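A short worksheet on the structure shown next.
Each chain carries a letter (A, B and C) given by its place in the written order, and its residues are counted from 1.
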Amino acid sequence: MDKQNLQLDAEGNLRHFLTIEGLKRAMLVDLLDTAESFAEVTEREVKKVPLLRGKTIVNLFFESSTRTRTTFELAAKRLSADVVNINVPASAASKGETLLDTLRNLEAMHCDMFVIRHPDSGAAHFIARHAAPHVSIINAGDGRHAHPTQAMLDMFTIRRHKKTFQQLIVAIVGDVLHSRVARSQIHALSTLGVQEIRAIAPRTLLPVEAASALGVHVYHDMREGLRDVDVVIMLRLQYERMQGGMLPSEHEYYRLYGLTEDKLRYARDDVMVMHPGPINRGVEIDSAVADGPRSVILQQVSHGTAVRMAVMSRAMQRSQAVVREPS
Amino acid sequence: MDKQNLQLDAEGNLRHFLTIEGLKRAMLVDLLDTAESFAEVTEREVKKVPLLRGKTIVNLFFESSTRTRTTFELAAKRLSADVVNINVPASAASKGETLLDTLRNLEAMHCDMFVIRHPDSGAAHFIARHAAPHVSIINAGDGRHAHPTQAMLDMFTIRRHKKTFQQLIVAIVGDVLHSRVARSQIHALSTLGVQEIRAIAPRTLLPVEAASALGVHVYHDMREGLRDVDVVIMLRLQYERMQGGMLPSEHEYYRLYGLTEDKLRYARDDVMVMHPGPINRGVEIDSAVADGPRSVILQQVSHGTAVRMAVMSRAMQRSQAVVREPS
Amino acid sequence: MDKQNLQLDAEGNLRHFLTIEGLKRAMLVDLLDTAESFAEVTEREVKKVPLLRGKTIVNLFFESSTRTRTTFELAAKRLSADVVNINVPASAASKGETLLDTLRNLEAMHCDMFVIRHPDSGAAHFIARHAAPHVSIINAGDGRHAHPTQAMLDMFTIRRHKKTFQQLIVAIVGDVLHSRVARSQIHALSTLGVQEIRAIAPRTLLPVEAASALGVHVYHDMREGLRDVDVVIMLRLQYERMQGGMLPSEHEYYRLYGLTEDKLRYARDDVMVMHPGPINRGVEIDSAVADGPRSVILQQVSHGTAVRMAVMSRAMQRSQAVVREPS
């Protein structure tokens, strides 16, 4: 079974959610449509539906992230599932052998779904490949590989504002090459058929030859790259890269690639400003922009719960038919 | 909007619960009455009511306290709310900017109520001032400022035993000047109309001039201060003060201000002995007194859940009219 | 009230679950029968029963164990109880005084059941001896003393495979003398009437005279001890003992006492291989055996939830009559 198909069952329905890569457009659209109905639930007085009552969802985090853990915990609880949080310190998460034993034990406890965050690329696939038939795996971020629920909530936010993806020019700014968020966004944007995807980054972070493999247009100049874009997605600056000498100083980076009102003027008037959060104010984005009228950053967070509810419920309802269209 | 009114909505109903200061007597009485009905719930076989089903309550603790977190978690669960615990290590709780971003993100996740504990005085007010309209903030202790749910459970315990507040003489013993618990107790006792509030402490901890601002009578001698009191509230000794040279040795402190059977003889025969816990046995209170017939320390804990249920449900039901009387 | 009877109420029903020692065969059989009905629940689509709705169960862990905490948390949630997890760091768990104050406070919060793990032998008994009448204590492992729910899930697993205990020869391999798991297993196996219990360990770990007190047959040679056994229970190697010079090297231990296919050949053809987990692969057990056809290690984990549900519900239903037979 290849990497792409691992996340589908024999009928082509979603079983695991590991990566956007290889998923058909119809499935992404179905997830967005399902999320729409849950978005309405999260705005109700009683923000709960009994869909996953009696199911057990484990947040299995090998990398600590209160924020991501909280969004998945809220999504699960609003689906009426029981949630157990397990944080595995990096030191204990040693060998693949141990990882499998952890998986086998939680499976034996009749847990139904594992939300996995792991510092190693491919960890979620590895676990999914060995998971028992009754278990679903959701990738909540694995190394530099993928963060598919983040990408889907971004798509949800774009669709809410732009209605359709077809005519859009989308720019992703920052360390695109090493970002699991960016990789998943590129797959999603491409599958949903945007007109053009751009990556804007310093030459040291994103050599032209590397970008061709991603299927994006590379820009090293911010103003040039932002020209006429409909959506600009800022990535969080990873400070460890700066220390590695691959980036100029924080101040210099902000001057060249920080999103300011001034630079934003090159984009379309109705440009959407996005960021997966948490933001470094004054580093990759100016507060005036982050809190400004074009920013949809908090809407992204808000949609995160609905999108994760959609992914979780779809993966658990795989016996039911998913509406599909040719792609 | 001034500090006092921040916690009320336009109709004068409770929206946030930040401090006792500025709340009218009728509102405190309403909270105590509401807590009475919940006290009955917590003693039932099934200790749950569906009042806050589908609501999300976040325990957002910037200062670690298993005990306080547990009481709020229990109160929320017994109201059928979903609870998420978030502990923010002191190191991560740096700038106000970050604090606001944390707030905005949790609001965007459609959380309804935040129970905040924070080492900085005024933190809960700061957050409440910036909270979205749909969100309620409960102060679970901020610096040296206020701990209003603790004060309300103390009032609940006093009322259960003494029926009325009017004739009471209440003495608070310990570092009254720097205690958020004492400040909230003094506001509550004063609003509920006790006859006299006394503060008993070493001169180094409580200069006479400082006490006048609190509106209490100061005593530096324990026996004198305890004479004829109906209620004595012991504060927990903060060891860091002792190291700062503001206090004599632990042994000396106990000799002078530790509550013993001997000193307690100066109070009225039916005196109630209270302590917010956790107690330092043999430091500020003798075990014989803490476990003795006049101690209501465990009753205070017991009432804590009911009082917190009352505060939480009142703050969430602010669309409904609150019974009010002129004050 | 002696140690054995502390866990029964006046009618002889289970109130606390502290040790297998002193429990009658009929009570163990009742727990196994009750667990059978819950095993069916954990395999359903909706893995929940409303038996303990509105009850509060506290996981009070003075020794960290994500695995054990998770199984109890799952069991409690599947019984619809509210669960609060409290981890008390070893440093804070100092004096018995403090422990009692912790207990008194949680009781005052109207918690109904405490699941206790503690590094000191006898801690669960100590707490049970002082618990309020409405509270049940479950021992989740105390020092080297007992781990009775582990023993019961082992008995459940044996009964599922062997139907009856009467004809069985069971060998326990490892540091039997210092293992709380082994002690509880020996009491359970003996009460349920197996034919023979063997302990296999190096002479340094298990002197013959010490074993007689346990009422087991001692073997120092693995092949000899495994001859004709129906069940072999491997214990987890405690590395700290190895450092203490009581054990040869890891390699040498494995050569002598590690369970391999080769040594297993001395047992009966239908031998069951058990281990309380987590396993040290290649230390006390070969992967080929742990994952092989005779291993029931994951079934043990699986039965853990059902057995803990049975213990919890029995201890909470002590007003109801428990079916008993003479023993």
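One rule holds in what follows: a contact is a pair of C-beta atoms (placed from the backbone, for glycine too) under 8 Å apart; a residue touches a chain by one contact, two chains touch by 3 or more.
Quick caveat: nothing in here was measured; it's all calculated off a predicted structure.
A.B. asks: Looking at where chain B touches chain C, is over half of the residue numbers used by both copies, so same, or under half, so different?
C.D. replies: Because under half of the interface numbers appear in both copies, chain C and chain B meet with different residues.
A.B. asks: Could you work out the angle of the rotation that brings the CA atoms of chain A onto the matching CA atoms of chain B, rounded to the nearest 5 degrees?
C.D. replies: Fitting chain A to chain B on C-alpha positions yields an angle of 120 degrees.
A.B. asks: Just the number, please: Cα centre separation of chain B and chain C in whole Å.
C.D. replies: Centre-to-centre distance between chain B and chain C: 42 Å.
A.B. asks: Measuring centre to centre with CA averages, how many angstrom lie between chain A and chain B?
C.D. replies: Their C-alpha centroids are separated by 42 Å.
A.B. asks: Could you tell me which residues belong to chain C and also touch two or more other chains?
C.D. replies: If we look for residues of chain C contacting two or more partner chains, we find none.
A.B. asks: Which residues, counting only chain A, touch chain C once they are in their complex?
C.D. replies: 53-56, 82, 84, 86, 88, 97, 101, 104-111
A.B. asks: Going by the contact rule set out above, which residues of chain A touch chain B in the complex?
C.D. replies: Residues of chain A touching chain B: 42-48, 66-67, 70-71, 73-74, 77-78, 277-279, 281, 298-299, 301-302, 304-305.
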